[in-house]
Amino acid sequence: MRQSNTYIIVFSLILTVVLGGLLSGVSQVLGPAQKKAVDLDTKKQILGAIPAEKAALQSMTPEQILARYSEVISSVVADYNGNLVTTNEKGEPIVAENVNIEKNYKKPVDQRVFPVFKYSENGEEAYIVPTFGAGLWDAIWGYVAIAPDLETIIGVSFDHKGETPGLGARITTDEVQARYQGKEMYDAQGEFVSIEMVKGENHSDSELGANKVDGMAGATLTANGVNSMLKNYLGYYQSYFDKNVRNANAMTLNNN
Amino acid sequence: MSKIVKLKKGFDINLAGKAQKQIANTPPSDTFAIKPTDFVGMTRPKLLVAEGDSVKAGTPVLYDKMQENVMICSPVSGEVVEVKRGAKRKLLEIKILADKEIEYENFQTYNVSDIKSLSREEATAQMTKGGVWANIIQRPFGVIAKEEDTPKSIFISAFDTHPLAADLAFTLKGEEEAFKTGIEILKKFTEGPIHINHDLNGEVSSVFSGIEGVQHNKFSGPHPAGNVGVQIHHIDPIAKGDLIWTVSPYGVAQIGKLFSKGVYDASKVIALAGSEVTEPQYYKTLTGACINKMVEGNLKQDHVRYISGNVLTGEKIDADGYLGFYHNSVVVIPEGDFEEAFGWILPTTKKLSFHRAFGLLSFLNSSKKEYVVNTNTHGEKRAFVMTGAFEKVVPMDIYCDYLFKAVLSEDYENMEALGIYEVIEEDIALCEFIDVSKHDLQAMLREGLTLIQTS
Amino acid sequence: MKFVQKGFDKIKPLFEKGGKYEKLHPIYEGHRTLFFAPKIVTGSKGAQIRDGIDLKRMMMTVIIAMVPCLLFGMWNVGHQYYLATGVDATFLDKFLIGAMKVVPIIAVSYIVGLGTEFTICVIRQHDVNEGFLVTGMLIPLVVPPTIPLWQVGLATFFAVLVGKEVFGGTGMNILNVALTARAFLYFAYPSQISGEVWTYLGDKAPVDGYSGATSLALAVEASNSGMGVVDKLAQTNTALSADFFSLPNLFYGFIPGSIGETSTLAALLGALILIATGVGSWKIIVSVFGGAFLTGLLMNQVAANTYMEMPAVYHLVIGGLAFGAVFMATDPVSAAQTEAGKWIYGFLIGVLTIIVRVLNPAYPEGIMLAILLMNVFAPLIDFYVVQANKKRRLARATV
Amino acid sequence: MSTETLEAPVVKEKEALLSKRRKKFVTDPLNDDNPVTVQVLGICSALAVTTQMKPTLVMAISVTLVLMFSNLIISLMRNAIPTRVRIIVQLAVVATLVTLVNEVLKAYAYDMYKELSVFIGLIITNCIVMGRLEAFALGNKPYDSMLDGLGSGLGYSWIILAVAFFREIWGSGNVFGYPVFEAIGIENFPTNGLMVSPVGAFVVLGFIIWVQRTKTGYVEH
Amino acid sequence: MDLLNLGIKSIFIENMIFAYFLGMCSFLAVSKKVSTAFGLGLAVVFVLGMTVPMNWLLNEFVLKEGALAWLGADFATIDLSFLRFIMFIAIIAAMVQLVEMTIEKYSPSLYGSLGIFLPLIAVNCAILGSSLFMAQRDYTIGEATVFGFGSGIGFFLAIVALAAIREKLKYSNVPDGLKGLGITMFITGLMGIAFMSFMGISI
């Protein structure tokens, strides 16, 4: 009886229905919580680019973080030419927080979209932009907070998939990220040069100047990856800054 | 038909104390012994005599319960004076005090034409009863052949390349007829050829040259070119299921004499050699003879080792020990049981070595230089390190390292696949000699052979 | 010598069965056999005489072959030190400062290694093996002079324990033990051994324009910036000496690098000793060089980056290729053990070395990883070589 | 997979909830019959996540839960499952449970969800789970099966937690992310990169097996 | 070029065994002899090469968020990715069954050598793992195929090399507590070190 084909088919059907139902039920129930979790994760990363905020994040509950985010961040999305976009090619609205930088990275540069997160808190302002690139082994990414002068770096937060622990992986440490604070991405002549991490460690400040940061011993190749990531992405955002910030008249940040 | 095989691999060990080609004039030994341990694979010897029995030359003394027809016979006539047993009552020696004149058991005699018409069964019966069957060794395994088997060919090596080996042509002088008769008898046992293998660079002795109806092959190269196992490998290799018989030239002659003279004639010419012998030369004696008469007063010093057989495959015996059944030489070399200060590093040209590692300068000596080598192992036993050196001293297409490892891990399938059927102890004796990690490889191989044989 | 012998005899009962230090017998035996070849004689059946060789002597041969590299390395550490600090110095000065730096590394390697080995021998009650004699010397030669001593110790401990003893000791290991130590350092503490500054400077600052980078690190750097490797080498350290990284200098080894592996010449001297004594397989040495050179030529044809365009002959003299080929690849335990296998094994080491060098910007030193990788595959190569032998035997049977 | 068939003895009177026999279900796998070190099961998913203790703990809890409940469910259905599609049914049940775990993590512990990535999914093919279902749940009562699952889960958990402990402390100088070396005053503890790489996992597990088997005297032939 | 890169990466750098510990159970259990390891390895290459693209299709057209858009605009918002595990494992089990039946029918000799391993493979973590990685990394169909075969070949190389090493070690004095699993762990670790040479190679 237990081995008959009919029994097996009926049994399988019942099992499929029960398990499938169970799973879709659960997925329905948990759906909102999951969306919130993804949202929170992105927002934490964005806020983390501001050193002061990063310190505060540690002791905040998810709700506080989300509240804080909507309080201090407003976001827009620009295209490669610096024009603001609100819908994708299918006509659906684009939300800056939902832009997947990694997927965008796979497209040709001029078809990517570039989210900008504007931070303002008690008169302090910053533009936070996402960056993405290839490290030594695998992807690296991060957020860079730029002061309203559009030159000075307020802070960065980097992350990586598979850099060498103790070497390239040091880009996630506060100590290395702090090196970027206050550096400038324009040289004395006013040319865009991005910020370069040099080879070798323990250079003096005078040696480094405003456009360079101290390197990580033994991790020159990861540093090279970071350098080209910054150069690329900070470069991409120049047209946005030109069109929308430097020409202040075009400022139309839609409050989120 | 005949083949010429030139071998490169191998190593000639040139020892001091080669036997002069003269036969000593020494009174014959008083006592003789049959040692069941001489016969490889004889696990359950059954004794046919007791202490006090008198025997004739050719009287059966024992047989193996696994092979009941094959008799091991007394080499002399006399009285059984002692049956020596070891641990677990293992039969070690049956000592016989010899009469002045040897009395022989009588067996049927045949003339040349009789032998032609002799059937295989009759021949077998006479040989097994007459104590000469044990001369026929079967490959694989190197054990006494079974009467009912038919080998695909029979091999006889007419030269011996072992260090200090007796010159076969010299020891067999005058046995031409007996040898010829022996070959005629052997022809009855195989459909295939009988191979007689000569030294390419030596003169072919009259003992072997006149033999017809057999295949004469020539071999050149360092030891073990004279080993019959090596010769088989190059002429008629053994695969699983194959059987080949090998007989020593002496054995062939002994078989011949059993038929032509009707007696079990155990007399043989042996070499007494080695660096510690004052006058190394040949002796006319009998199988199983006590060596005391030969070595007495003939040594340079007395802290020595007496070896029945040769230095590579032989057996340690006492000063009053007995010559082994298959052996035709006794070698005396110094014992090496002393510590040598920094012996593992000091440069020397005196230590014979196949290797040329630091300080082992023997390769600088002329190849004619004769060495005095003692029994020291020159190092302790170590884990098996594969150096690839074995491949250089075994002129066969066999990966000895792997074979030994297969034996160690009792891996039957691999032992078979790696060619364990093609070798016995003597073929890999050089490996044991040159082994850096000082393992007893011959014993190891025998364990493997026994495993396969009994599985 | 008699009195040493007596001394040993006197304390012998302590270490024998029932003695106070019975458990420490391997240590006693290990020392006694260092002074005296033991008085063991052959057994009663089988070969009654044995070859004059033993494992100690074989290991010693390898150590002696390493002496040119060691001495040159000591001198070169000093040489680089004085070059970098811009001070003139005599031969002896250079040698002394090198010795001061190198001898402690050797000492740590031997003390830790032998300590580990002895401890395990006591625990497992087996004889002390001489395998570490060679390993203990190899480890110092493949690390940079700037290595912290505790790292040498830890790496040695790891290599002896995990690389060798867990397999049952000398002769059983699968990876070359010294390279295991080096790889351990490489992956565990990469910042000290990544090849950027490998010159011992003491507390002095280098002179202007001095780069302590190794030739390999420079090659990678040149390749990354699209500059010709030879040009890059020619421009580096010209302030100190016009032909600092010239081909002859690379060959002689007057360059920064691991202590023992800068000089191709010294390694070749070692190769001569190893080949003459038959302790090292000439097949492996030749095929490593051959594989590397041919791959270098092939890369010249591909020429996708400037490293690939570097003349193939440079590959043979930069980095540790020669040292690795001569002393590491030939380790009989971890190499291929069949003669046919040795050709394949060596050749692939050469090929992989160059591939890792020119294609893998992360690891400038290809030879170490190439040898380790081929160590892993050596048993497989042997397996198929032996398999072919078995097939030949089988084919014969069916004829 | 071992083929033990622990047919429940015919016990009529009610057995204590944690009788001696039942206790053994839980304690045996901890040491003498550890699924990882003795039975050589479940190593796949055991090692990948063990660079740090936090994700390892999550993994351990997940595996234990999946083990318990899959054992329970299969045991409940053991008389209804057609033998021919037994494996598929088991896989389906396990996959469902694992999906549940995955969804819950995604909703409430997103960091962990990201960190564990595909390895939660791979619990499905963890041989311990299938092994226990085949060897135990198919032939035993639900409550016993659940205890058996708990025991195997705990046995698995302590091993991977031990591996993670050593890898995290030597590889990052932390325990559960807490910098212990800094806390006791050792600044700049030189972290060992090999411990963070997969090699570290193999070596550490090798040592744990060595110690554990030496203690229990278990020898594999 | 990208595909070649991915192939090399999946064989050597992101080796299923040495980088992700996947397929360890069969890796440890079926590596005592080279001949059997060879058989299992081949079977894994085969099954991985089939199932990863299959699962790709399933993921692309059924499971992914918005994957059902081809059914009509109404379906475009459906996200069935919570069914990923169960569907993937079902496909794998079915494929293994199918492969087994096909081989049995058309090549009995191949079946003789691979047959016994196929049932083992359904629960081999490397198979499911590859499919999950494929989904997570958003590979294209070409990448998925290369990745599937590459991972299989990586597993194959690893298990055959391990088997050869274990055959070599058959005679060795391994401490009791380490025999079998323990020593294999160490070997695998050391092999992992050797495989690290490829980390970072890009063509």
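Chains: A, B, C, D and E, in written order; residue numbering restarts at 1 for each.
As a convention for this text, contacts are C-beta pairs under 8 Å (C-beta built on N, C-alpha and C of every residue); 3 or more make two chains touch, one makes a residue touch a chain.
Predicted, not measured: the structure shown is a model, and the values here were computed from it.
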**Prompt:** Which chains share more C-beta contacts than any other pair?
**Reply:** B-C
**Complete:** By Cα-centroid distance to the whole-protein Cα centroid, the innermost chain is C
**Fill in**
Top of the farthest list for chain B, CA-centroid basis, is A
**Request:** Round to the nearest whole Å and give the separation of the Cα centres of chain B and chain C.
**Result:** 46
**Euclidean distance of C-alpha centroids - chain D vs chain E, Å** = 22
**Prompt:** In angstrom, rounded to a whole number, how far apart do the mean CA points of chain C and chain D lie?
**Reply:** 42
**Request:** Mark out which residues of chain B touch at least two other chains, giving numbers and ranges.
**Result:** 383-384
**Prompt:** When you check chain C against every other chain, which residues touch at least two of them?
**Reply:** 162, 166, 168-169, 172, 184, 187, 189-190, 361-362
**Prompt:** Considering chain D alone, which of its residues make contact with at least two other chains?
**Reply:** 88, 92, 96, 99, 103, 193-194, 197, 199, 203, 206, 210
**Prompt:** Which pairs of chains touch one another in this structure?
**Reply:** A-C, A-D, A-E, B-C, B-E, C-D, C-E, D-E
**Asked** Which residues of chain C touch chain A in their complex?
**Response** 189-192, 194, 196-197, 221, 224, 361-362
**Fill in**
In their shared complex, chain E is touched by residues of chain D numbered 37, 40-48, 87-88, 91-92, 95-96, 98-99, 102-103, 117-118, 121-122, 124-127, 130, 194, 197-203, 205-206, 209-214, 218-221
**Complete:** The chain B residues in contact with chain C across the complex are 13, 237, 239-242, 305, 307, 311-316, 331, 333, 335-345, 348, 351-360, 362, 373-388, 391, 397-399, 401-402, 417-419, 425, 429, 432-438, 440-443
**Message:** For a test of understanding, state which residues of chain C touch chain E in their complex under the given definition.
**Reply:** 124, 126, 162-163, 166-169, 172, 174-175, 180, 183-184, 187, 304, 352, 355-356, 359-363, 366, 369-370, 372-373, 375-377, 379-380, 382-383
**Asked** Which positions of chain B touch chain E when the two form their complex?
**Response** 383-384, 405, 408-409, 411
